[in-house]
Amino acid sequence: MIQFCLVGAGFIGPVHAANLAAHTGARLAWVVDLNLPAAKALADRYGARAGSDLAAALADPAVDAVIICTPPRTHSPIIEATARAGKAIFCEKPIDLDMAKVDACGRILQQTRTPFFVGFNRRFDPTHRALHDAIRAGEIGRPEMLILSSRDPEISPPDYVAAMPYGIFYDTMIHDFDMVRWLLQDEPVEIFARTACMLDAKENPHRDPDTAMVVLKMAGGALVHINSSFRAVYGYDQRIEAFGEKGMLISGNQQATTVERHGRDGIRRDPLLYFFIDRYTQSYRRELDAFVQAIAANAAPPIGFDDGRRALMIAEAGVQSAKTGVPVALSA
Amino acid sequence: MIQFCLVGAGFIGPVHAANLAAHTGARLAWVVDLNLPAAKALADRYGARAGSDLAAALADPAVDAVIICTPPRTHSPIIEATARAGKAIFCEKPIDLDMAKVDACGRILQQTRTPFFVGFNRRFDPTHRALHDAIRAGEIGRPEMLILSSRDPEISPPDYVAAMPYGIFYDTMIHDFDMVRWLLQDEPVEIFARTACMLDAKENPHRDPDTAMVVLKMAGGALVHINSSFRAVYGYDQRIEAFGEKGMLISGNQQATTVERHGRDGIRRDPLLYFFIDRYTQSYRRELDAFVQAIAANAAPPIGFDDGRRALMIAEAGVQSAKTGVPVALSA
Amino acid sequence: MIQFCLVGAGFIGPVHAANLAAHTGARLAWVVDLNLPAAKALADRYGARAGSDLAAALADPAVDAVIICTPPRTHSPIIEATARAGKAIFCEKPIDLDMAKVDACGRILQQTRTPFFVGFNRRFDPTHRALHDAIRAGEIGRPEMLILSSRDPEISPPDYVAAMPYGIFYDTMIHDFDMVRWLLQDEPVEIFARTACMLDAKENPHRDPDTAMVVLKMAGGALVHINSSFRAVYGYDQRIEAFGEKGMLISGNQQATTVERHGRDGIRRDPLLYFFIDRYTQSYRRELDAFVQAIAANAAPPIGFDDGRRALMIAEAGVQSAKTGVPVALSA
Amino acid sequence: MIQFCLVGAGFIGPVHAANLAAHTGARLAWVVDLNLPAAKALADRYGARAGSDLAAALADPAVDAVIICTPPRTHSPIIEATARAGKAIFCEKPIDLDMAKVDACGRILQQTRTPFFVGFNRRFDPTHRALHDAIRAGEIGRPEMLILSSRDPEISPPDYVAAMPYGIFYDTMIHDFDMVRWLLQDEPVEIFARTACMLDAKENPHRDPDTAMVVLKMAGGALVHINSSFRAVYGYDQRIEAFGEKGMLISGNQQATTVERHGRDGIRRDPLLYFFIDRYTQSYRRELDAFVQAIAANAAPPIGFDDGRRALMIAEAGVQSAKTGVPVALSA
């Protein structure tokens, strides 16, 4: 039974807490949040202890692992403290927004030999996983082009956006950068990016890019396109298309039911599932299970520090390309 | 070059006329209709002669073949006259509504050795044909169940309905009875039918059945279901599902475009093609071509008199079952 | 917290046990099975008590409710004992195979005012539920035809089949009979059924019907078709199509992923989910939740004794029609 | 009745000849090809005159219009001669490969006031047209992103490729550049392109780019992605996706039938139509009809010289970007 401390009671925290509660090999022991009432509310639901002081939780010898789901800029000190306390780490992406801090984390993790997992949950989505397995099994031969649609139904609140400029790279497409590396088992050597502000001033007061198109060139020669938006009114649009010498694979969207409605104006099916909580329910459960199994088996978690660092590096280069208007080289 | 006389300028007549005009091996020589102006209007469009007297056209030695597309109750005298004149016959279904008349036609056709074709056009629809070929190729092993949806978007005008009571059997499902025989290469030994009047008195003043469900038992053991309606507001609904020991084949509906529209309320595609003229455009062309090729090659047309007679026999038994409420046996 | 005793550790028992374990308002207290090791194995997984004697469990005052998932022929004595012990009942369908016993159960349930629920889980499937809600909301106006495909991927083991002749009616289509009543909010007044043995002697040694077609006439006039098979090699085929004056609704099948594979030979998608455990995962969870909520609120469970009795009555009449070859009247 | 001279009996020539023959308002009078036997073979099929000397045909006062379907590098002298002869011009794309020659043609066309049409047939495809109409009708509000997949099933023969380096821009994506302008009613201000040689040396001996990804920035702000390949083994893959503030529209691919095949390994549908002849049958007919109608009505053809010139200009800039590795600006 792996005992967890969850840091960050908001946003994705409750999802991880519920999955921990339902997991037969894990237990939620602590919830830590600077906002103590929020920590308490979540902890009480699952019979866990609550606190606003991470040190107290880390001092609890019962705690085996920490799930970090606080805002990205707070990750590195939490990673450092947790690593020094000798607990395994499940960290939401991105590791941090500042590459220097990420590298500092990397050094500490290495020194302390801390098991570290980055929450790129999409790798655990059954449909994306089936696409991955089909590519790896050679169904389309050599992959030549990859096209990813990565669109959110709505933009985050203004203060969240303000805290992470170019979040469409750091927070959203970072998932796609990871998917590209995972699906192609290859590294990009160049990124070109173009962004736009399509939302109006009310929805996007900080005029941070809310729309983006990216072209990546991979070391092995494959070409990759990613498009992203913060306003797909029809739901969470998450498609991946892999084109190769022997065919094409498409990982499509998902809907709540399979009902078809035939009327005078056509055939209507359900809208797409609305957002990541709806679409990636299973992938959150499965990534947690993968982490628990790795820790229980004393094995390396299946997505490591370098995966998190690489994805951030691509995001950084993408932002640079978007700002300068020219392609940016990446070392494979 | 096979020269045709078309009898019946209304309804499906213009479709056949246009297909004749576009066919490189055929020519429309005559249009005959009791309504002479209608005959003229159609004939003029294609440089053909027009008349209201069938005898005159049949006396024209240039005429090789006659297409009969008048109302069903007028078919038998036209068939007889045409056979006696030594011309090949392309006859719209049903051959006639009266089995005694049909049998009389059969005797004359046999005596005169007249090439005879019944216009069960659906056998020439590419999608139904692909289903047929897949069954015959053994893709689903022995076919065990067949389910046909046969729904028109609207009911015929009241006088048309009055002229052919139980038209849902004689005019509509007669196509399905033919499809069942063709797809399974087997004959039914029993039919059970239930009908209903679902349309209101304004749409269906004669209270002729406008909705029907049928179960057939085939000599070889397969079970067949057909459902039919005269009011599918969403378009011409023509599906066939073949279930067998090794799988299932579905011949689905068709739409004008493949456009998908994603909005807040779901994903919308085009409605179904509206009616048989829209859906079976290709099958009308191909059945004519099959007839022309057979005549040109002095071969038997691919759908013969017995096919037309058998389908009528099943329709008759279906009407009897619908009226008596019990299954009716058919001799295979 | 509602405490449960589960009777019958095999087959569907473990599904209910797992759902009870995950439910925040319920607890699995007892597992009873004549096969004590089986009861123990299941009970141990969830920290429950195990026994082979139902009386002992029913004597436990902590037990609030009993889930009956033993073979159908054993249901009535368990129902009676449970009702006399004053516990609420969640009973798998069918209530029993013998109408006299069912009626005896009904009298006892009424005398003891025992809350009783029949496990017609399909009513809780999100897709079928969406179809139901759309019909009830008037999306297709008056429903005129209902077509249900109800096909299992494989036949049950020979001894299971031997214990329940005509199980395709009593065990499989009984679900569809319930769906028809629920979707149309109407009762059938006539049933016609035809069956066949399509499986070979090895798969179906008792030559019990493995294939069936049914036509129902409803009191309100709607026509219903059900087709069923015990060998859909392509997976669990569970479709419902509702046709009405304003359109058509289809509740379609489900697949594990949305991956599309484009190759030279066409476009391939996943096969259907294999069987009911795969397809109806959510509906089992939701039906349990509905029962728990009803018991907790002291309200009548949403599917009652009469629903179970009616479905059995239709199944009985269907078997009679299949045996006699003529339609059988049902009192609405 | 508009009388045509067709120049170029190979490749797409026979398609235009057949459409002319079937058109009630047009007639094929001449077929001209340097290869006289080829001209004769095609001309004989439709009762037209054949020649290897364009001047003779242009001297025929019966000829109203000329369809140019020779290789691109031969277009400009034919355009000039035809314009000087006072005949209307239907010219296959691209107008020419050399912008200076295109501009020279433009001057002559203007001087001679010659009606000029460029054969961007995709504008007449019913599905793309429906997408266009939906965008123009405001169904998705302001279009923000456009994604085009433009993939051929096979590469052209080596000598064809050798005659037109970077043909993936000049011959294939030039269609997409036109679609972008037509769908968005806007001009690009920047293009970025990356290409690759994915085919092996046997298929692509000249190592001309056979794979490409493009990003366009439009004057109005929209972002556009095009991806293209010369080897989609699964058929002619021609999709357009328009994303906007109110939703998304997708113009999908097409298949020969709607048959679904359900087996143990999944659900299989037909492959895509194989190539442009199969997919764009209707659009070739409709573009000819649009041209005939314009000429008959003395109106300007619906796709003019400037449309052809603009598309070439974008292709040229794309090639430059692909060669230099940086984005290239375009004047809107």
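All chains are identified by letter, namely A, B, C and D, in their written order; residue positions are counted from 1 within each chain.
Here, contacts are C-beta pairs under 8 Å (C-beta built on N, C-alpha and C of every residue); 3 or more make two chains touch, one makes a residue touch a chain.
Treat the numbers as computed from the prediction; the structure is a model and nothing was measured.
> Name whichever of A-C and A-B has more C-beta pairs touching across its two chains.
Here the pair linked by more C-beta pairs in contact is A-C.
> Sort the other chains by how far their Cα centres are from that of chain C and give me the top one.
D
> Determine whether chain B and chain C, two copies of the same sequence, contact each other through the same residue numbers or different ones, counting it as same when over half of the numbers at the interface appear on both sides.
same
> Rounded to a multiple of 5, how large is the rotation, in degrees, that superposes the C-alpha trace of chain B on chain D?
To map chain B onto chain D, rotate by about 180 degrees.
> Centroid from C-alpha atoms only, then distance chain A to chain C, rounded to Å. What do you get?
Here chain A and chain C have centroids separated by 40 Å.
> Roughly how far is chain B from chain C, centre to centre by C-alpha average, rounded to an integer in Å?
42
> Can you give the whole-Å distance between the Cα centres of chain A and chain B?
Inter-chain centre distance comes to 58 Å.
> For chain B, give me the residues that contact two or more of the other chains.
In chain B, 233-234, 237, 246-248, 262-264, 270 touch at least two other chains.
> For the complex, give me every residue of chain D touching chain B.
Residue positions touching the partner: 22, 126-127, 130-131, 134, 139, 246-254, 256-264, 270.
> Spell out the part of chain C that touches chain B in their complex, as residue ranges.
142, 144-145, 147, 149, 151, 192, 194, 196, 198, 211-213, 215, 217, 221-225, 227, 229, 231-234, 237, 243, 245-248, 325-327
> Give every residue of chain A touching chain B within the complex, in rising order.
233-235, 237, 255, 262-272
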